[in-house]
């Protein structure tokens, strides 16, 4: 690792730590679940990713790994296997940051709408980068798998540039943006939208949202 | 901006920041949603309003805008488009502070009671400025719109001086008072009442509240 | 007020402040709702009670009132009207501390079981001072009223020494104990029990608990 | 107690205190409910256990008890009666730490699945030490009892080395691991899984999970 890499990883670590603590406090990273990444360079692709098996509320500098575009570690401890999917999302979507959390609402929404979660005509969609009126958003849902290539292919098949999120069924959610803050804002708004969708569909089960 | 304006905006900023952090921690300002305003002068009307696109848990002095009675910025960054509605509520209702949050319960209540949310015979109504017994409160619900004039007209049509709140369907809630503290107390009590109404109507769907 | 009274009130204030902040953070004292009291002397009865209309997360020494057995202020600002009920509970039950909060679960339970909330065969009943097995607890529910004498009479009619709680329908809950800590433990356990009762009765609506 | 015992208990106390505060803040140790233990020695078995009747958010060094393999106190205040079950779990499962909390979801799950809670095909199962796919997990449920020998026998009858948890019906949950951190990670993931199971079974009551 060059000195410049080290500096970048140190910077990324502080940024990832701040987000991790926030998500952990929200109950979205229970146990050691979830992981966050930040793109450090584009060509070739380099990401700082949180390490596997670490409590995200207790992250330290030693728990952030530098990986390449295939999710392979260039330094530090073993990255999460999911680093490969982070790298693929960053490459395909051109994202600067990818957050993956185990919030409950997305996983419940995937059970209810296994073909994709429909969302439309809600103000909060603006916080997800879409329009508040007449915009028919469908958040892709893919089956869970331990093979990151299978997940990555399913992600790429359903990818649309205007929909910066992916729900992995019976697993969790990925949301991305140009940086960690935009990814966070999108995630928070989407999680709210999914709770709204679940609560209102329970009342009127005959119609979707 | 005169020096006196600057002093007022600086004071307002601290007050708005304190409330913002509180609401953000309650999950009522996810992403960059919601905005708060404080009336600084009446004639002509001047409000300090939180800026657009800012994370409300990270507000700084630079994120508060001075606007006039039309919601037009007199200083600082672009205000939220919703500043126009804040100003109109302040003018029509004579409010000293207006808070707009994206709590979930009001939006769910608007889905269930799109013609206005009925609340009666609950002690918490006193915290909303109404009576605990025999007082038939109806919280107005209006359709969402991106045109603040449309929202403002709908607000004014349904305005009653004794009902300091407005739910914008599939969007969020506005609550106001003489100052930020009274607005907060009313908002907190109303949000509790809406959760109570939703929970009890789910049990007895045949009757309203 | 004698110097000894002042010392007692100052002590009580710190204790009440600590509990207030805790309950406020739990969302059980929204707006300015709820009030807490601590018995300072028995004969004649003297209680320190939180003042009316105060945000319980922002309590200061000036917000605690010394009242007599009729709930009449002996010093300080106007007490909550509910101080009269606090005093009556302290007298009848021999309690050293009474806490009144607007948690949602008790109010929902009163809607479901207006004749009293039945609780039996749950370990958490031990934290309420009852037995975990075979003990048929019924938490009294009385109608809401603005006349504290009416509430007090209804309380006394249903009072049983082994059941340190009272739910006021469409209002909130009172729980008491020898001191603020015991009252808190009983309240926390009872609130948990009421959420359990509501959740399980929703699944099996045909049977009570 | 030898000096070495004292040192161990002091160390255990800090570790138990940290976990206690965390669980208390999550609402899983309401009142004085729940208790935590840490194995200090194996042969003979020695555990540090939290004392009975203590508010787990206010734990001090004086509230941790050294017990033997029968749950009998070797020092300090009276341990919780449940210390005997902690010791038995530590002995039978070879656990280094046992946590017992009164979270609501496990108790609700035991009402719905009194013969054991089935969980399968969810990623979060990895955080519980099981596989994310095709692994049919059943979390044992036993009836509540005040006799720790009865509880311990029921635990041992249903014990499987690959399932580090036990739900006591209408009471709470025990989870264990090699240390307090692993026990915590398993507990947090399992609690999430139980909320997921409850929410999805409510939608599709005809099928289990």
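Order as written gives the chain letters A, B, C and D; numbering starts at 1 within each chain.
Heads up, the rule we're going with is that a residue touches a chain if its C-beta (ideal position, glycine included) is under 8 Å from a C-beta of that chain, and two chains touch if they have at least 3 such contacts.
Just so we're on the same page, UniProt names per chain: A, B, C, D = Methylthioribulose-1-phosphate dehydratase.
Being a predicted model, the structure only gives us computed values, none of them experimental.
**Student:** For the two copies chain C and chain D, what rotation in degrees overlays their C-alpha atoms? Round to the nearest 5.
**Tutor:** Roughly 90 degrees of rotation.
**Student:** Taking each chain's centre as the mean of its C-alpha atoms, which one ends up farthest from the centre of chain D?
**Tutor:** Checked the centroid distances; the maximum from chain D is B.
**Student:** Whole-Å distance, chain A centre to chain D centre, using C-alpha means?
**Tutor:** So the centroids are 31 Å from each other.
**Student:** For chain A and chain C, let me know how many angstrom lie between their CA-based centres, rounded off.
**Tutor:** 44
**Student:** Do you know which chain D residues sit against two or more other chains?
**Tutor:** none
**Student:** What graph shape do the protein chains here make by touch: line, ring, star, complete or other?
**Tutor:** ring
**Student:** Looking at the whole structure, which two-chain pairs count as touching?
**Tutor:** Result of the pairwise touch check is A-B, A-D, B-C, C-D.
**Student:** Contact residues on chain D for chain A in the complex?
**Tutor:** Chain D reaches chain A through residues 121-124, 127, 132-133, 181, 184-186, 188-189, 191-192, 195-196, 199-200, 203.
**Student:** What residues on chain B touch chain A, complex-wise?
**Tutor:** Those in contact with chain A are residues 30-33, 55, 102, 104, 107-108, 111-112, 144, 146, 168, 170-172, 202.
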